[in-house]
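Pasting in a structure now, in structure tokens, and then I'll have a few things to ask.
Which chain is which? They are A, B, C, D and E, in the order written, and residues in each are numbered from 1.
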Amino acid sequence: MAFQLPTWMALGPTFVLGLTALLLLVFDSITPNATSRGVLSGTATLGSLVAVGLSAWYLLAGTGAEPIRLYQNSLVVDTMTLFFAFVFSSVTALVSVASYDYLRDHSYQAEYYALVTLAATGMTLMAAANSLAVVFVSLELASLPSYALVAILKKNRGSVEAGLKYFLVGALSSSIFAYGISLVYGVTGSLLLPEIANNLAAPELTGVLGLGIMMVLGGFAFKTASVPFHFWAPEAYEGAPAPISAFLSSASKAAGFAVAFRVFLVAFPIEQLVTGAAASVDWVLAAQILAVVTMTLGNFAAATQDTVKRMLAYSSIGHAGYVLIGLAALSGGNNEFVLAGGMSHLLVYGFMNTGAFLFIALTEYWSIGRNFEDFNGLASQAPFACTVMTVFLFNLAGLPVGGGFMSKYFLFGAAVGAGFWWLAAVGAINSAVSLYYYSRVVKAMWIEDASGEFDIESKPVGLYAALAAAAVVTVLLLPGFGPVWQYATDAAAALVA
Amino acid sequence: MVPVQYYLLLSAAVFAIGVFGILTRRNALLFLMSVELLLNAANINLVAFSNFHGNLTGQTFSLFTLALAAAEVAVGIGIILVLYRNFKDVDVTEATTMRW
Amino acid sequence: MWIEALIAVTLASAFAVFLAPNKVAGKLAFALSLLPLVGSLWMYSTYEASGNALLEGSELAFESNFEWVTAGPYALNWHVGLDGISMPLVALTTVLTSLALLASWTPIDERQSQFYGLMLFLEASLLGVFSALDFFVWFVFWEMVLVPMYVLIGVWGGPRRKYAAIKMFVYTNIASLVMFIGFIALVFGLGDSVTSLDMPAIAQALRAGELGGLGPLSAGTLKVAAFVAMFAGFAVKVPVVPFHTWLPDAHVEAPTPVSIMLAGVLLKMGTYALLRFNFTMLPKVAQNNAQIIALFAVISVIYGAMLALAQSDLKRIVAYSSVSSMGYVILGLVAYTLYGMGGATFQMVAHGLISGLMFMSVGVIYNTTHTRMVSDMSGLASKMPFTVAVFVAGAFGYMGLPLMAGFAAELFIFLGSFGAFAGSVWFTAAAMFGIVVVAGYLLFAMQRTLFGTFELETDYEVGPAAFHDVAPLVVLILLVILLGVEPSIFYTMIQDAVNPLVPAAGGGV
Amino acid sequence: MTGFVPLQSEPTLLPETIGRVLFGSELAVWQEAIAAFLGAFLIANIMLANAGVAGPWAKRKITASFTDRIAVNRIGPAGLLIIPAAAVQLMAKELIIPDGVDRPAYDLAPIVLASSALVGFAVVPMGSIFGINLQLADPETGAAYIFAAASIATLGLAMAGYASNNKYSLMGGLRAIAQNIAYEIPLVVTAASVILFTGTLQMSEIVAQQAEPLVTVAGITIPSWFAFVNPFAFVLFVVANLAEVGRNPFDIPEAPTEIVAGYMTEYSSIYFVLFYMGEFIHIFLGGAIITTFFLGGPAGPVLPGFVWFLIKIWAVFLFTQWARSAVPRVRIDQLIEIGWKGMLVLSFANLVLTAVIVGVML
Amino acid sequence: MNPWIAIGALALVGLLIPLGMMAVSSLLRPTVPEKGKTATYESGEVPTGGTRVRFNIQYYMVALLFVVFDIETVLIFPWTVIYRSAVSMEGVGLTKALAPMLLFIAVLVIGLGWAWRNGAVRWVRNPDRSQRSVERQ
């Protein structure tokens, strides 16, 4: 390359997303009365696409191969940062496109897009955070807009209730997280992750440290909708506008995991805390328990739901459980593989789960009911949308019609390789359960006969475009899983090393 | 000089009060106040430990915690307000259009 | 590149048919299915290979190997190729698919383009399963089979189709996961000695005894655990009693062409995988526990036959008899003798054709009479003599009548297994008893339904079936007889591929 | 443990002076506490005296002068004895507690208001008289502390408005909060622009930095009081301070013609005295802040520092009384718009400009 | 001497003085209970309704704005303290000391401008603006 970008441009995706949010607010300040959906949605989409492009370009150019440390090491841009920035901005782009139709009669359009891009900014920052302070701030930057977004349908009781519950659990867990940070700081005297690891050498206050780490874990559990802070997830995903459910369940969850991976691997190294001679704080064990409980609870609860959106919400908890394997199987000496499994699953999940929720958005747009029965025979009316949804669902279930298959089996394979075959076995059982409830939707759409007439007046362009894009990427990730895995492995290697 | 353990005890007490408030109160505003207590417990720790370790990291971070707590309250009160408009109450257990 | 072309053409046909209008979908699908059929026949005619694909010193036909994904220390490659075991199965798949498509014209009367598209998609997946030589590629295709199967049964099946479809779906998916965990544990147990998920490499490393422990498991335990996991996984597909309960439901509810594919090809996936994985990669474990496995096989044979005897639904009878027949295959495989393994593999093909024939004729009868209950009808022979004749021929094939493919297969199996199990002849003897039961119930059913005076309360016109219904029957019966008369068409290559596995033939264990 | 002991500014602080007189040079903690308590008592009483003079007497006199009337001239010389008279009269009045008040809050509100105004003076450098430096404490974070103390009053107003069970009170309380918070930010941001110059939050340092000569015009040296250095900030601050202390044109929380007496409506007897007194102390606290930040603190020629300090805070008081007489009251909507659209933007502009100028000039 | 001892002392005095005045007053003042006296004062009229009246939502909007902006001043203050020394410090300089805060204030100002344009600080709303909050369903 002929010229060298300044190092701060490594955070390009973050800046682009943040500027997009500000630009949207400026738009709305200039013309608060006019609601030009196209301009707003277009700006948000364009901004996030630029962020997608930047992160992809950086990945290809190997920007993160040698971690770029910024602002006194409180931010670090490595492959993982860019990998997740790619995920977040892709999901943001999909959600922005889809919202063009979904929000057609809603108020607060500009605010909506601004909040979405702001939350995405926070998420990209989370992936780059190398200091607990940045972790906390970026976590809040991602969370606060999300609370508002969930409750943005002010006249809809479900939305408001969802927003309230999300907020209450979120506020609680973020304060617990802050308290955990303060304890960790108290023991180690630093908030920078590498320094925390350095100062762990001879912790005198092991109990305090353990409590702190568990509280930090709790904070991540909230963000990733894992047990024990998962209560909000079904409510929030069900009540929120469907594109927001997509955004939260895909991007937000991935962000939680991104930061959890970095914090736990860099700040609380396994060699010192878990397997070391002075093994004291076995957070891997805690992660194992959380993983098993989370995936089991999520999947079995999903199997008992009546409404599709809520089913997807619970299944999203189940997937959080799968990804938790990425943390839970870490002491087995196959860390790189395990972590990369978790990361690549998050990437694929970003597309397939967003797609599934966007399909729900489409049905909400058409005012089709929420129950499984309401979807009966939908395929005869909207074959394309239903085909695409089937692709997403089979991917979520781990059938080989797309990348979901690859990532799930790589994850399970990695767990087995780390010696945690029982984790994989639990995952396998859950996966089978998930097949049951995912196929219920497929069954309803394709197999059952319609009980009534659907009132489908139009095929919304934005939603269809987002669905198609998500589906194409999901399917292409099956043959094209190589690069994803490559980058995930690189990212994991940087963390493990 | 006050030993750092005392601060830890104080913050633990504040934290416990906050948790107690969260567990026993159903009013959303009281819930918010309890959360503020939790965050302030963290702040006590941060400032105390900052002094203990002789670096400014903790104090600086506590400023951020304050700011974020305020932002959280701003968003939270907004949500509680729309909750009140929809449910005519700020009891967090009132809103049950969805089952758990 | 021929295998890729075969799969690609089939997939492309599937998409083309999916997009075609309903009216022409059936004919278009049949026409397009001739392409892979011709392709596979051409491949058969130019087939030149020796040895077992997974073992040293083999020459594979149409092999190709590209890099796909690198998963940590393991390279996943696109590796396909054919040997004497897979070639017949590939041919079987293409033949049966074309015939099944032909047999779909009458019963499938709605959403045709989707149906035929899925059938072709199924064919592509099956071709992939039988030709893949990299574990992950194989697994992709293996799982891919489920998707069209689920929808095919679920949409076009009988009254309880939803239940049957989801049962099949969940059952086999759990099985795959169990198998996956078992196999992956093996691979990791091999440590650095393998650097890819290439099946030949893994098989050779395992046979060379390079397996180490994994986590808390020692090498020996790991071997057995993995064997059990894989066996359980494949047993569901085969199916082996007691994992068989999904099969009768699926068969009964599935429309005729899907039943043909299910019995004719899908069940062979299970035995094929058992042969490829369990019996090739972990032969010692298999041999050490040969009696237990044989016991499973014999129970499948007898129990399947007994259950068939108790059925009053023609299709259910044939379905349970499939369970029984697949028991023979396992019995033959685990014998680890020349004839046993060869015969078992030959039985896969033979049973594929015969069960296809049986289901097809039951389908034709059903199309005409709209019932499958043995008790409902009698004297069909007078109304549709040709169909009945084919049905009778198929039934005799099932019973192992000489000059039919089934005879050759079962004969080899019994020859091979007799005395194979530590000198115990009881297993084979018991299995042979199964044949008697099969003969009993088939004769009983035929006597009730086909002969005597015609009696059936129905609103439908009962008469000879259409040409396009009968034609596949004829083709199948001819193929069955051809294989019965001249088993060497396939048996030579099968034996060539199986020999290296058999200790007595110098294959070593 | 280093780094957190505040710098000892040169003139000894009041408690230490008292401590040395009482106990010698080495002080134990309890001795320090006693000395501090005595000093605090002295400072509090100085401010109480100021408020006492201002409330019943000076305020009336000033207003009368502006409106060309004669006021309080009956008792004592120039009516000065009205001060003790009013004190006794008000304290001896019956306390009427209306039905339905929220008792703890109702009782606490006047105490909060009065004491919050008092505690702010702890860090104010009041200058010295007779060689005694009348400053109680001089922590590094003095400026932050004084703003914090001053804004506690809002809490008292809210409590009073809410607890009184009276619509006027509620309105007054709400208005008081809206107003205080609307002008709090311009106030603090403008103060921040001063801190940009000083680079410290320590009150004595802020004062010391204003002692430097700015320019010398015709032999008269103008000190670098920030009122001269940054007059724009000074004006902003004074206006914002007017709103903070709730004087005209920003007296809508009380607005007697609209809502009787706002949050004070239901208070009588000593409670009313506390409110009334608290407000005046608050005005003086605002004056003290302005004095310290912009008017060079107690600095001045010839006279002792404390006298200059008194002159300056009384000047600010005079200004508030002038505003009270001369400027019409704004409406609540105007108040909010002035605050959020005018003052806030101006104060941010001021901050940025100051930062740029300070940065470039260095 | 720790300055906070003196500040605490003044806080104590600040509490004791009002309390003392209350105590003195309670000794001096008469108590003549009477029903009419304790009625809520509404300019001499008979009180109507409760006091928990619904008040203008703008009070709330302003409070919300305040919470955010006031806390931002918390973040501005430390910067103002170190600004001068940072500008003259080796390796920091004007740009590095000023630019981040300018960015920070710019974000704040954009937020303020948005709130301004969307009527957060406008006391009287135009009727047509209320249309904006009409939502589907």
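Just so we're on the same page, a contact is a pair of C-beta atoms (placed from the backbone, for glycine too) under 8 Å apart; a residue touches a chain by one contact, two chains touch by 3 or more.
For reference, the UniProt names are A = NADH-quinone oxidoreductase subunit N; B = NADH-quinone oxidoreductase subunit NuoK; C = NuoM family protein; D = NADH-quinone oxidoreductase subunit H; E = NADH-quinone oxidoreductase subunit A.
Note that the coordinates shown come from a computational prediction; the quantities given were computed from them, not determined experimentally.
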item	value
Chains contacting each of chain A and chain E, listed by label	B
Identity of the chain that, by mean CA position, is farthest from chain C	D
More contacts between chains, B-E or A-C	A-C
Chain closest to the assembly centre - both centres taken as Cα means	A
Rounded Å distance, chain C centre to chain D centre (Cα mean)	93
For chain A paired with chain C, centre-to-centre distance based on mean C-alpha positions, whole Å	41
Where chain A and chain D are represented by their mean Cα positions, the distance between them in whole Å	52
Whole-Å gap separating chain B and chain E, where each centre is the average of the chain's CA atoms	19
Residues of chain C whose C-beta touches two or more other chains	none
For chain E, residues contacting two or more additional chains	70, 116
Chain E contact footprint on chain D (complex, rising order)	6, 13-16, 19, 27, 29, 32-33, 36-37, 39-41, 43-44, 48, 88, 91-100, 110-111, 114-116, 118-119, 121-123, 136-139, 144-145, 164-171, 174, 177-178, 181-182, 184-185, 188-189, 192-193, 195-197, 199-201, 260, 265-266, 269-271, 273-274, 332-333, 336-337, 339-341, 344-345, 348, 351-352, 355-356, 358-360, 362
Sites on chain E touched by chain A in the complex	107, 110-111, 113-114, 116-119, 128-129, 132-137
List of chain E residues in touch with chain D within their complex	1-15, 17-19, 21-22, 24-26, 28-32, 37-43, 51, 53, 55, 58-59, 62-63, 65-66, 69-70, 73, 76-77, 80-85, 87-88, 94, 97-98, 101-102, 105, 108-109, 112, 116, 121-124
In the complex, chain A residues that touch chain C	332, 334, 336-337, 340, 394, 397-401, 405-406, 409-410, 412-414, 416-421, 424-425, 428-429, 431-432, 435-436, 439-440, 442-443, 446-448, 478-479, 481-482, 485-486, 489
Complex contacts: residues of chain A adjacent to chain B	132-133, 136-137, 140, 144, 147-148, 151, 154-155, 157-158, 160-165, 167-168, 171-172, 174-176, 178-179, 181-183, 185-186, 189-191, 208, 231, 234-235, 238-239, 310
